[in-house]
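What follows is a pair of complexes built around subunit A, which joins subunit B in one and subunit C in the other.
Let's turn to the complex of A and B:
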């Protein structure tokens, strides 16, 4: 069995299993806690509260006017990184091919050169975010091993993806195997660390939007 | 404010193992799905610091809002979180220590107004202000509320229903004296009334004119109303101290008093946290939806003005307005004071950050009641001072006596020549005959 065979076979199966079991475990442990009922008369109807929750899932992506100046760098780096990652995953031809093989859906890919440039920008944003985490007093105070491990587990697929596109330091099969393995490491880490925020963001923003709509509070 | 208050007890010793255990019990009792989701979601981005006046004014990282609840978060991870067993077994999350709780006491109490700006900026939708409120429960139950003013007031409120320990007889005397001094008829302890106004102990001690103002307006409306001496002080210092039992006792006293006279509306005074408590928490303490409406005074006035039940003269004045965080940003009544000012003909010059995005006065969350926090409070007051001065206005209206008092104190401490005034009193002083 070659490294690529392992990555495409048993490695992928293990990663999928850990990801699914881990996600179910983490979500059920949160949702099975006892919820205190809220008995005060709501300012909004149930439908209004649901709409409030749905709206906040999107609206929290854009900080309010009075905050923008103070968190400009954070917004810039975070936007480049998240949009870049999204574009690479859903715009790169090889990724679209994998998605097509998995679920049968397909769409037009971005030119390879564009994806490479976006990958470079994403990588640069990630490095800047890491430096900021180490240097900025607030971020340094808040940071734990989870933050640095999560950064590493995202950084590796981006780097191996860039190397793979250029086939620079090794052969295609080796680089592809390393790229797939790095993605599998990320999948395995996802339910245990901060990477989980990619899933939790919908639930946490939605919950706040729902609760704040009840009070008519600012969202 | 300092009358009847004992001197602060001596500085607390490092919490012992029993206190740490009590704090942990208190923390764990608050972990429901909403708190868990919030604690699981933080990405350590640090944006909340930039929304917090304590960080913005000091540049000290320890004032980062999410950092202020670190022991609470640690308790969650170790005792309740999905991987708690692994964290304990592998020693990945250490036990909270007495020394940590001692350190965090000032972060959880002295440097958080529970104003919710951090909740508004959080990209993950974490209501950090709510987490601070919950974290204070465990701290209080372990005897770790600030030992000076706030702790003393909460104890007195727990025992008597009033943070100043006012007796029913004393309150009755005060109301009649205020009525006589302001030439307004007071309704006290009537058997039936549609509207029951409550008061803030800050008004009782410092701004008694506000009670005369409520009476004058309700009389002007021809309303059926009464103060109830069996449930009058809505201040609920216990809420900000983290005393769940005292909070419940105070709240239920007011609920029962309103029910006793078959009130249709419970009117909350110019006070932020009391509105939060009665509007959103009282029903939970009561065990079912309240049989009356709970309205903050600005909502009530705005509604009555729009329906023509209150008629006012135009004042043709220019002024700015300071929003009480619990009424506007967190209470959903941001539009009400602006509607009142418009009805009065006041030309409103908004602060640079106003309405939902306004900065706290610095005294919210009980910080105004922590003597040792005064230097920090004065430091954060500078934001409000700068923004008021930038409007060029001489008068700042507000509808929270806690804010009013903090702004007054901040002004005195820095020789500020601005006038801080009550929106309620502005309405009462300009009623049409």
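Let's turn to the complex of A and C:
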């Protein structure tokens, strides 16, 4: 069995099973957790609360004016990284192919050159974000091993993907195996670290906005 | 059989000029990725060379490799090269049979001890004492070990001889293995492919006859000149891969436009062979040119690497049953964690009433 056989076979199966166990564990634990009783009267109608939830999904992506100067660079790098990663995953032909094989959905892919350029920008943004995290005293203080591991498990697929697209350093087979293995590491890590925000971000912001609206706070 | 006539004399007798031999040498140096300056030396060495004895044993195989090599091209100087080797034993081609064939084999080995090339096509069954493939009552394993011992080098022709091939496919009922799994003390050249590209065998033989040694090999003992790059690297559809233009089915507009067959399961990116450069049937075409993706037939265990029509981007996802079990385990764990949290939490205390 070659490394690629392992990555495409048993490695992928293990990663998928761990991902499913982890996601179900997180979802069921969150949904079944003890809820605080709501004793106060709501300040908004149900429709208003839903609107508040929907608004916060987007509003939390835009920094408040008073913070813009201080965190503008973080927001810029983060936006480049997130948009880049989204474009790579959903614009790259091999990725669309995997999605098609898994759930049957398919769409037109971006040219390889465009994906490679966006990958390069994404990689640069990730490195800059890491440097900022290490250099900035408050960021460094707030950072835990979870932050660095999450960065690493996202960084590796991007790096191996770029190497694979150029077929440099090693042969296509080896690079493809390393790329798939790095994605599998990310899949395994996803439910157990801060990477889970990628799955929960919309639901958590929506819930928070819903509760804020209920209490009459700005969303 | 040892003949005194040199190749130069043979060619002269058959009406070939020195110039044609030089042109052939230039083509072969190019094919073998040697510097052009080596061509005159190769031509001179070829002209001086004498017939090399080749003993060809067919084991657990389909004869496809031999058929391909025999029908490689019109009888040109390549054919003469094949004439120039003394194929002293090949069961499918020789007129002799039975004990006469056995006697021929023994005589050829005795006359060329330590100098003959041993060519093998087919895998070697090792299970149950190798009873699944016998020649004259002897197992392939015993024959290989006996005749490899006195050979100058061993050529494993075809994927079966090189890596076990289709007979080795899961569950490998005969315990099939390739030559290199058994012969460890002789130079081995693997020429994989199902079937192998005939010109690769020509190139290896020319190199051996010209320079008295085998060509440079890669880590899988394949001639580097022919197996150094992948089909994907040499494919004329590669620009479409880079542009992200893929055929989605074998009869769609993309397929008609000659777009990349990656999404239709082409294994070109992980397959090392010379199909895309040397092509088949006298340079007519190769499978991708005919509209079908590469199936990776020259790579080890190609038969067990999933469907020929599953893209390399995909993989063997876990089944719905296992996914359901995993989900159940996850939900149970989450529920247990939530329950534990509830039990550990202190009960809400009643708020003290405000006294006036």
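Definition applied: the second predicted complex is superposed on the first by the 219 of 219 C-alpha atoms of A that agree within 3 Å, B and C clash if a C-alpha of one lies under 4 Å from a C-alpha of the other, contacts with A are read in each partner's own complex, and residues count from 1 in each chain.
Throughout what follows, a contact is a pair of C-beta atoms (placed from the backbone, for glycine too) under 8 Å apart; a residue touches a chain by one contact, two chains touch by 3 or more.
These figures come from a predicted structure and were not determined experimentally.
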Once chain A of both complexes is superposed, is A:5 in touch with subunit B (first), subunit C (second), both, or neither?
second
Touching partner for A:109 - first (subunit B), second (subunit C), both, neither:
second
Is A:63 touching anything from subunit B or subunit C once the two structures are fitted on A? First, second, both or neither.
first
Touch check for A:176: first (subunit B), second (subunit C), both, or neither?
second
For A:25 in the superposed arrangement: first (subunit B), second (subunit C), both or neither?
both
Contacts for A:17 in the overlay, against subunit B (first) and subunit C (second): which applies, first, second, both or neither?
second
Once the shared chain is lined up, is A:117 touching subunit B (first), subunit C (second), both, or neither of them?
neither
Now for A:95: first (subunit B), second (subunit C), both, or neither, which partner does it touch?
second
Which subunit A residues contact subunit B in one complex and subunit C in the other?
25-26, 28-31, 33-34, 37
Please name which positions on subunit A make contact with subunit C in the complex.
1-2, 4-5, 7-9, 12-13, 16-18, 20-34, 37, 93-95, 97-98, 101-102, 106, 109-113, 115, 167, 171-173, 176, 180
Residues of subunit C touching subunit A in the complex
230, 232-233, 241-244, 246, 248, 262-263, 269-270, 300-301, 305-306, 310-318, 322-323, 326-335, 337-339, 341-342, 345, 348
Show me the residue ranges of subunit A that touch subunit B in the complex, using the header's touch definition.
25-26, 28-31, 33-41, 43, 56, 60-61, 63-67, 70-71, 74, 78, 133, 136-144, 147, 192, 194, 196-197, 200-201, 203-209, 211, 215-218
In their shared complex, subunit A is touched by residues of subunit B numbered 31-34, 36-38, 40-41, 43-47, 49-51, 55-56, 61-62, 64, 66-67, 80-83, 116, 119-127, 279-284, 286-290, 293-294, 328-334, 352-353, 355-357
